[in-house]
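Take this structure, written in structure tokens, and hold onto it; I'll ask about it next.
Which chain is which? They are A, B, C, D, E and F, in the order written, and residues in each are numbered from 1.
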Amino acid sequence: MVVKVGVAKLGNIASGVMAELLLDERADREDMMTFMATSGTKLQKEDVDRVVSNLKAWQPDFAIVVSPNGVLEGPVGAREDLKAAGIPTIVITDDVTTKKEGWEALKASGFGYIIVKADAMIGARREFLDPVEMADYNGNLVKVLALTGAFRKLQMELDKVIDQVKAGKKGAEIELPKLVLNSDNSTKGEFTNPYALAKARAAYEIASAVAGVNVKGCFMTKEWTDYVPIVTSAHEMMRAAADLCDQARELEKGCDGVIRKPHKKTGEIVSKVALISKPE
Amino acid sequence: MVVKVGVAKLGNIASGVMAELLLDERADREDMMTFMATSGTKLQKEDVDRVVSNLKAWQPDFAIVVSPNGVLEGPVGAREDLKAAGIPTIVITDDVTTKKEGWEALKASGFGYIIVKADAMIGARREFLDPVEMADYNGNLVKVLALTGAFRKLQMELDKVIDQVKAGKKGAEIELPKLVLNSDNSTKGEFTNPYALAKARAAYEIASAVAGVNVKGCFMTKEWTDYVPIVTSAHEMMRAAADLCDQARELEKGCDGVIRKPHKKTGEIVSKVALISKPE
Amino acid sequence: MVVKVGVAKLGNIASGVMAELLLDERADREDMMTFMATSGTKLQKEDVDRVVSNLKAWQPDFAIVVSPNGVLEGPVGAREDLKAAGIPTIVITDDVTTKKEGWEALKASGFGYIIVKADAMIGARREFLDPVEMADYNGNLVKVLALTGAFRKLQMELDKVIDQVKAGKKGAEIELPKLVLNSDNSTKGEFTNPYALAKARAAYEIASAVAGVNVKGCFMTKEWTDYVPIVTSAHEMMRAAADLCDQARELEKGCDGVIRKPHKKTGEIVSKVALISKPE
Amino acid sequence: MVVKVGVAKLGNIASGVMAELLLDERADREDMMTFMATSGTKLQKEDVDRVVSNLKAWQPDFAIVVSPNGVLEGPVGAREDLKAAGIPTIVITDDVTTKKEGWEALKASGFGYIIVKADAMIGARREFLDPVEMADYNGNLVKVLALTGAFRKLQMELDKVIDQVKAGKKGAEIELPKLVLNSDNSTKGEFTNPYALAKARAAYEIASAVAGVNVKGCFMTKEWTDYVPIVTSAHEMMRAAADLCDQARELEKGCDGVIRKPHKKTGEIVSKVALISKPE
Amino acid sequence: MVVKVGVAKLGNIASGVMAELLLDERADREDMMTFMATSGTKLQKEDVDRVVSNLKAWQPDFAIVVSPNGVLEGPVGAREDLKAAGIPTIVITDDVTTKKEGWEALKASGFGYIIVKADAMIGARREFLDPVEMADYNGNLVKVLALTGAFRKLQMELDKVIDQVKAGKKGAEIELPKLVLNSDNSTKGEFTNPYALAKARAAYEIASAVAGVNVKGCFMTKEWTDYVPIVTSAHEMMRAAADLCDQARELEKGCDGVIRKPHKKTGEIVSKVALISKPE
Amino acid sequence: MVVKVGVAKLGNIASGVMAELLLDERADREDMMTFMATSGTKLQKEDVDRVVSNLKAWQPDFAIVVSPNGVLEGPVGAREDLKAAGIPTIVITDDVTTKKEGWEALKASGFGYIIVKADAMIGARREFLDPVEMADYNGNLVKVLALTGAFRKLQMELDKVIDQVKAGKKGAEIELPKLVLNSDNSTKGEFTNPYALAKARAAYEIASAVAGVNVKGCFMTKEWTDYVPIVTSAHEMMRAAADLCDQARELEKGCDGVIRKPHKKTGEIVSKVALISKPE
């Protein structure tokens, strides 16, 4: 059986950039396939409709809706639409836990969700952010989410859903992830050396603090001479977080303790530590 | 007028991860929209067909086909299909210039192309590559392509096509990019400090050399105890290239010389250097 | 005239370690003298009394009470006692702005205050904190407070009070500082290169975030296997903040832009930038 | 029994900044208390008298006189005064071993002493040293003294004196430390990894060499255009020493070999190595 | 018996700078002696003759001819001359394997050879290369060749020849090395930690790629504004390679895994790993 | 006219490794030629004789005798021998200024001399020093001597002698260098940025301090468990000095201030600063 995983991307977050790649890192998995569509940054009703109707037409076993700020109208509409079509749906978004009402509604709903607190919004000011700065920031953020363990936890949750479909579960029978990724649960079990763990935890905390600084710089500061230093500092924070992750990874290399969990062609996840060893 | 840009991703390369984001880094551009679809890593005829027919249905003003190894049957089929539908099409792919026949055919064709020599294939060995390693490598590669100028050149070429559509050109009237991005043309005009330029050039050369090492490790070495050190070394090379880019960026910060070229809402590209200044 | 500055230290914060040294960095100032006493970490009534009565006996022109958590009974008692003796008194403490009631009382009082938000509490868990770790953490924190500008602002405020005494003001005539040092006002005017400023801002934000992680590790987590990684990560954050400050300083060296403001023997503050130049 | 430790600080050295904190790093020790007084940088007879008479009034079980250049009149007078009052007294100072006469007198005296050769004098030139530079230098020096083991040895010696008082010894019965801290004895037993030890030794040697460069810059060079580069280079040396210490600490983290020796509430010193373990 | 090793250096490569030192690192070996002569950079027939005739006069047991580009007339003449005198001769040179004819001739000849592919030519452009830049580049290259294992393999091969002479072999009886040093064989057996090995492999690959960039900058680019950035980037690549080697060495220190193989006075090679251990 | 420069190397110091290369960094100089001979590490009378008589036979215009510890019998004999043959001779050696008698004799003699205080002896203990460690140490030392300016000053002095010969001076008419290279004169005029100068000065001081540590480890410490950490720490010091030099060079790159002084074919020394400029 080949599980069909549908992905709708509405706008960009770093967790979304890699989602389908994380499920099939060597592109040889035979137990699943993905179809992903996006309307880029446009979130008018007609844009969302086009993405969602394409997905529905493909009839995936389950769907993922990835977006920033997953309590806004666009992403909410998309998931309701998929749900109405009987497709089990998981929301992946950046931190919405401070937006009390929308967050309570999401928690109470039948949707799965994975909230990635470290997936901080970018310093989106025209005097600062150009394509190069945007890509560099995302490079740093991808490294932080990968090396702290956040991406692994996200992938593991999605793989659990795929496994349920492979086991014959359908629709509401499928147990969907309900998970807020923070510095505790993202890093858990990902490190051999305890100081590598501490550095990864530190990186996660710093990345999470970036969001507040960028919110201040993008929405709460009027003068451009004031907000440019603020958003610039937020990107320096993310660079520092990436540097801490690099230090953590180097410590793990130093004790030959890097934990690797590749997929087999069958989708089974195997595991290894010593570099010169076979995953089992 | 709102230009419609269609993107088909067939498999993954780092240049593709960011393509549509590079065109609209702050998600506020009003002169264009994108629709992107991908079948993930599956490249069977039916997978490619689904992606392409979705794109055709949307009737984009022009299309981009992003894939690794753009001389293989899958990507070639996709672009022929789009061309047959009268849609001007640009190929973005990693280095195919050593594959003599396919490369000559592409050069001679009516397609546009952007070949990114530094977008090196990953160390795709199961004993080494798991989702975390994959994401970390792509984080490094995104940083290299961003900070050497490769992404800027790619974006500028696509923006030129958008501008032609805005100017009323259609179909064959549109001049498509024909560009092989190397250490010379990627870095040109991107740096204020000449040593930053030299470091970026060095990074580009190292990234380009990664491909050869990964080809050796993935296709030309049989024993796993032999190929694991090889692919591991290739990822260390990419990490060294990212480090050189970081050094280049820090030098540019040091002389307040970072060149920024953001988009305005109208799609116009403005430019600035001193951090505390307005782009013009 | 020689101004007499009395200092009572009750417990330790990094801002206190250096306070009197910041006022006379080369130990040659002739317009002021300091007397400082501390009961170390003991804060029983008799300990505080001994310190305060020693100070009162010396009859300083004004007094400074330095302590962590300056809304607790010990520091509050000390300053009330000094005030009752007619000595103008300034409170220097770490962040109390989240402790609403005490903070409102302090703001409304006649005391001066300097709240240093980045002077984060240490990871005071016995499984982690020994004398070496304590000293190393304080070394990092001193560097952060020095290089972000927080120490300069603190020193400038105290110098303003000294100047008022020299000008003949007494008691309630003296205007005391009322200042909460944050990433905005600490870093203001301290840097020549705008990216150095951004790195210092980033460092200040990270240092400020350390407090929350250490509060979690010291007061809100029960199992030692859980809290040890938390407090360890907080110290990694402070090390990352110190590293960012070092980067900022190196950028300033790179453009020969380090701003220096030494005291003359007379207490006058002079200023210079180019390393090979005379302060004026 | 609660041992009373009196401390007189006359002028500033880095060893003095931390002395009482090293004895009670978590501020919960119940077997001792400290009282410390300082006249800041003023060393007139009346200043020293005020400090010493305050100490004597408190009747400590033993006293510590911390100062730079402990063979000068001020510190010598203070310790003679304390000795005359029957208070066992320990001198902590920076390197006096090259000042032959004073050093021989101190060795032959009944005082205890701890000479810290790496506690190098600062680059005290007005064109260079302002409050920020002063604090940053001390931050580096604190890190060097902490991470090489010098602070541990100093603390251990003081704790041995406290233990003797707790055991009922008094006055001349108490054996006082007589110790010159150098790269050999400071680093001994402080490291798990032999290269970490070597790096710490290297840092100690470099820090010790700083003093000579600053003496040249402060006392033996007349032209300011000549001495500014010299004292600047001395601070670069201390920064390099701090960096070596950081490398040593990171190596120790890498093998989970950081040696920690916290105090219990009772003053007992316990010990541990693996981060996730209980001190015993 | 004392083996006589003659060395002719014709021009400079980094492998030659150290050759005789590698054989006797502590200058106490009693089983061999060396005589080396060089005409510096001059390679006229008379210059080569002087060097070679001096060597022949000394009657070494075997000779080494070190030069860049060992298929040129000068080095070829020198080795033919030595061979004609009955002296077994080994060629040490940088990469000649792309110069097909000369390389085939060398392989087929009776000479020994050691080709060091990473011993890349320097960026010999007058606008860039002065004595300081030249020495710094060679410093980096010496570190790369030392820390990747290339120098060890070169030394081991020469020691094997010395051992044969000590065993009584003469002239054509002596088996001479025939070895092309690449990233595989240079690094083999030199590292305890597998990531250190990977970093060394990466460094070797980067160093090998330097040659191509310098050839482009020195021989294939006309405009000085074009070739200066190219040769500058090649030196940045070598600096990055040296940095990777440093990382590899630090990883080995971190696990106390540095492999050391000193000579005894007798010339015997002993071996050790733990720093605090005796070689055996 | 082509000046003939003869070089005798007796034993190894880093200053000698590069001496003739520094005079002709691009191997295209037409106004001079060198002949160099060495007996490796052997310094018996017959070894020295062979080297010296080879030199004399070539009749150089002047000669250089390079050796460690240039007040020992071997090097002294060699220079006396050359002098007796009427050849003006310059001694290059590491620090002999502490060896009072020999040093006074050298100063008073007719020989030229260049004493390089930072050219510190290696940690020549068999438990520590193998060929790899030896080469790595020399790599670091070469970088320190190059980047602090020591090599430039050495080269300039030798070039001045060549110029005198070209101007027709002979024998005793030639003014020979008499120079002790220290942190003051080595670094003078070599840097654009004043902090780069300070870092280079710091590096030179540290390198100079290495010698004392290695003397202690090699000659004054008996137990191998004691001296291995000492010589290891000396090599860490040299690595730290090389790191400071690298920082200095990077600062100079950052302000495009690297000073380059290449030779022309004629031997004339030209000069430039901006990377993209012609030397003049």
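Keep in mind that, in the parts below, a residue touches a chain if its C-beta (ideal position, glycine included) is under 8 Å from a C-beta of that chain, and two chains touch if they have at least 3 such contacts.
Protein names from UniProt, one per chain: A, B, C, D, E, F = F420-dependent methylenetetrahydromethanopterin dehydrogenase.
As the structure is a computational prediction, the values presented were derived from the model and not from experiment.
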With one step meaning two chains touch, work out the least steps from chain D to chain F.
1
Could you work out which chain's C-alpha centre is the most distant one from the centre of chain C?
E
Determine whether chain A and chain D, two copies of the same sequence, contact each other through the same residue numbers or different ones, counting it as same when over half of the numbers at the interface appear on both sides.
different
Could you let me know which interface, D-E or B-E, is made of more C-beta pairs in contact?
B-E
Chain at maximum distance from chain A, centres defined as averaged CA atoms
F
Rounded Å distance, chain A centre to chain E centre (Cα mean):
50
Measure off the straight-line distance from the CA centroid of chain C to the CA centroid of chain D, and report it in whole Å.
22
Taking each chain's mean CA coordinate, chain B and chain D are separated, in whole Å, by 58
Hunt down the residues of chain F that sit against at least two other chains at once, touch-wise.
194-195, 198, 228-229, 232, 254-255, 275-276
Specify the contact topology among the chains shown, as one of line, ring, star, complete or other.
other
Could you run through all the chain pairs that touch each other?
A-B, A-C, A-D, A-E, B-C, B-E, B-F, C-D, C-F, D-E, D-F, E-F
What residues on chain C touch chain B, complex-wise?
193-195, 198, 247, 251, 254-255
Which chain E residues qualify as touching chain B in the complex?
183, 194-195, 197-199, 201-202, 205-206, 209, 213, 228-230, 232-237, 240-241, 243-244
Tell me, which parts of chain B touch chain A in their complex?
11-12, 17-18, 20-29, 33-42, 47, 50, 54, 58, 124-136, 138-140, 142-143, 145-147, 149, 151-152, 155, 224-225, 228-229, 232, 242, 249, 260-264, 272, 275-279
Mind pulling up the chain B residues that touch chain C in the complex?
250, 253-256, 274-276
